[in-house]
């Protein structure tokens, strides 16, 4: 891939949003896909390559500093002179809903681990590369996939919600520090059920298009990436037209 | 224009954001430009027509119900079978900064008049037309141009800020009522100085691109218009990369 | 009342919150009660006087500048050397819930009229008096009674919500301007049904105390009034323990 | 202390807010003070005892589950039949301000560790006791001391801010789950410099009372504790009258 001028990385790639974001950015850049298990990124790598794009998958645990460091060192070599144009942190973390007093310490911490610590490790690895990429067509971009739980702590959802609140705070802090250095940091609040294999059976409404198209999320992320540096959006909410909110 | 399938309307057209939004949407649709004075819309109408687009200007006071009603009746006739694809309320209202106890009643009310009442009259005229336009390429869209003052009431800015808060409330209320009917309602928080003729002399930073490009705002509005109905954004913030916030 | 050192005024006095706030503040100060109709304040004036307090009622339309001016001129005379220690704006405005396109212009504007314009006129009359009262036991205080509708624009509630958003903006703007001059400005978000005569038949929950005690609201307002100037609260939310939010 | 009907616990007791909160609640209840080092709680324990109150100090690391568990087991025995009326989590965590890319992993995680994990461990230990205490004079209360950093992620403050965001999320989640069970959960946003020994030399303004009195914070916490269950406040902001915000 060394001949490419720019590349993108997506952490948290499974059969949903991450895959669609990877496909979308692969139309413009070689993409690196990070996920815990090869089974999560391999089909998408193959699909992108089959469609004429370039993709590489690396097994990575975003909550583990050595694992993240190792992935980015590998990618830095692999990508040669190319610059990192976009980094998407799409790690959901487990959604745990149960009475607070029944949560184990490990369960409670899993939200902050995945989204707070994971967001930190990913940002720390990606930002030095993004900072070098300010002469590309679009401003270098760091996007965090978030959720309504970043805005509101619901009953019995403390684990998921503390992680998303922490991640939102991180996205704001990074936007304020790295924005002036030319890096676009954005936080996308996904408010609704995403229309993927795993949610096929979930009934949310009788109306058509009541679940969020992950392709449409990818379009929104691409749009954020292309925004002019005089016109950065830090936060967007995304929800189906029929969603109650 | 009767042969066109869709049209757009922009209220509050002057040499800045309104003009850029009109130009952008004119690449896809005939556009109607509403402004108090012909001098505000005539040059843009001519420019759009010269570039091969279609545009019509109507002198309108958005705070006056008869004036708004009259404008939309005219447009309805003029546009024939075409459907209203997008309506942009870009009325700023006067920015008044002065000690609260020196504000006249008229000055104080001018914010709510322009943005609250004006937003109401414009929405009431546009929504029945937007509701009929759900079979076009993109979901029918109603966008409000707003400001940081919609989020925070600053000292000595009560007039401007009450108007913007009221408008934000209206945008939320309409999104919740008309979203499920297929209309995309969005509120854009413009946080920064816009780079227009009037602000040329304003020094905001030594950095380049420190003022918001109105073309970039127009790109963002067009993006909002094209969002899939499963993926509506209700609120975006827009600010230069160097802005303090 | 001329011998008193301090007095308080409550606008929007009926059988609910306003009456309880008046009773509470009457334990410390002579109180002036403003309401459109004498029937709204007379019973409370009598009750307070019967309990050994001092109270005066004045028929006032808070949305009418002449009426508000007239009331405060009368009070200024009546209160002699006493200083205005606290002013409470407790005007609800009509709660109108109906489809947006069925709202008349007058209905829509009634929210901003009562809460935006009314808040302005009341503040403009009270603030010059509050500014003189910085040597009393407690910092001079201006409190706005607000609602969840100040935080969220719900479907079909645009009239009420635009008024409450505007009032919240006003409260913030005044806090930032007059706080440094020693005046405590606060915005109280009442989130729930208040337990008054009019709501007796409303069923909100099987639990006891599921409706907000107006006496408890009055206690909270009195607490806000007594806060030290190094420790002003600008915004509190108030809701029953069983409320969903 | 076994004869007492109710007790209170404050975690994070040093010479500032924690001490004042302990003194205030000690006027009504025996109080337990938790801090890492005896030097932090001993002087206050002695002072409270000297003034005729009851106090007990326990060395506790709120980020360590065994330490928190141990402290509450000790207290449960010590307090006999008394019920836990109020629990205050006043753990600040280290305020670290430095460029993001210079933060060590340990530094970054310290915020979530102190405020997120610490808040979880403290709540998990306190809530079962608070749930039993619903027949006391005031509703059982759990208060979190927070900061502006819970509302806004500032540049170079990601460690502190992610911790405070996570804690705010926790406070909301617990309020929504345990409010209906009668426990009052509140989040206090302290926005300004607190007037304590450590900040004596800090110049924030020429005005008097420009730093927050920790006694006034304690008054506010006591007020929150006394609120009627029909009238719970979940969030208050507290700032000096001269503070810019």
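Note that the chains take the letters A, B, C and D in the order they are written out, and that residue 1 is the start of every chain.
To be clear about the criterion, contacts are C-beta pairs under 8 Å (C-beta built on N, C-alpha and C of every residue); 3 or more make two chains touch, one makes a residue touch a chain.
What you see is a predicted model; the values in this text were computed from it and never measured.
Novice: Tell me which chains count as touching both chain C and chain D.
Specialist: Where chain C and chain D might share a partner, there is none at all.
Novice: For the Cα fit of chain B against chain D, please give the angle of the superposing rotation, nearest 5 degrees.
Specialist: 180
Novice: Taking all residue numbers at the chain A to chain D contact, is the shared part over half or under half, that is, same or different?
Specialist: The interface of chain A with chain D is built from mostly shared positions.
Novice: From the mean C-alpha coordinate of chain A to that of chain C, what's the distance rounded to whole Å?
Specialist: Each chain's C-alpha centroid was found; their separation is 46 Å.
Novice: Return the distance between the CA-based centres of chain A and chain D, expressed in whole Å.
Specialist: Centre separation, chain A to chain D: 34 Å.
Novice: Express in whole angstrom the distance between the two chain centres, defined as the mean CA positions of chain A and chain B.
Specialist: 31
Novice: Going by the touch rule set out above, which residues of chain A reach two or more other chains?
Specialist: Residues 176 of chain A each touch two or more of the other chains.
Novice: If each chain is a node and each touching pair an edge, is that a line, ring, star, complete or other?
Specialist: Graph shape, chains as nodes and touching pairs as edges: a ring.
Novice: Determine which chains touch and list them pairwise.
Specialist: A-B, A-D, B-C, C-D
Novice: Within the complex, which stretch of chain B touches chain A?
Specialist: Residues 139, 176, 179-180, 182, 184, 192, 195, 207, 209-213, 215-217, 219-220, 223, 227-245 of chain B touch chain A in their complex.
Novice: Can you list the residues on chain D that touch chain A in the complex?
Specialist: Touching chain A: residues 65, 99-101, 103, 105, 108-109, 112, 116-117, 120-121, 123-124, 127-128, 149, 152-158, 161-174, 176-178 of chain D.
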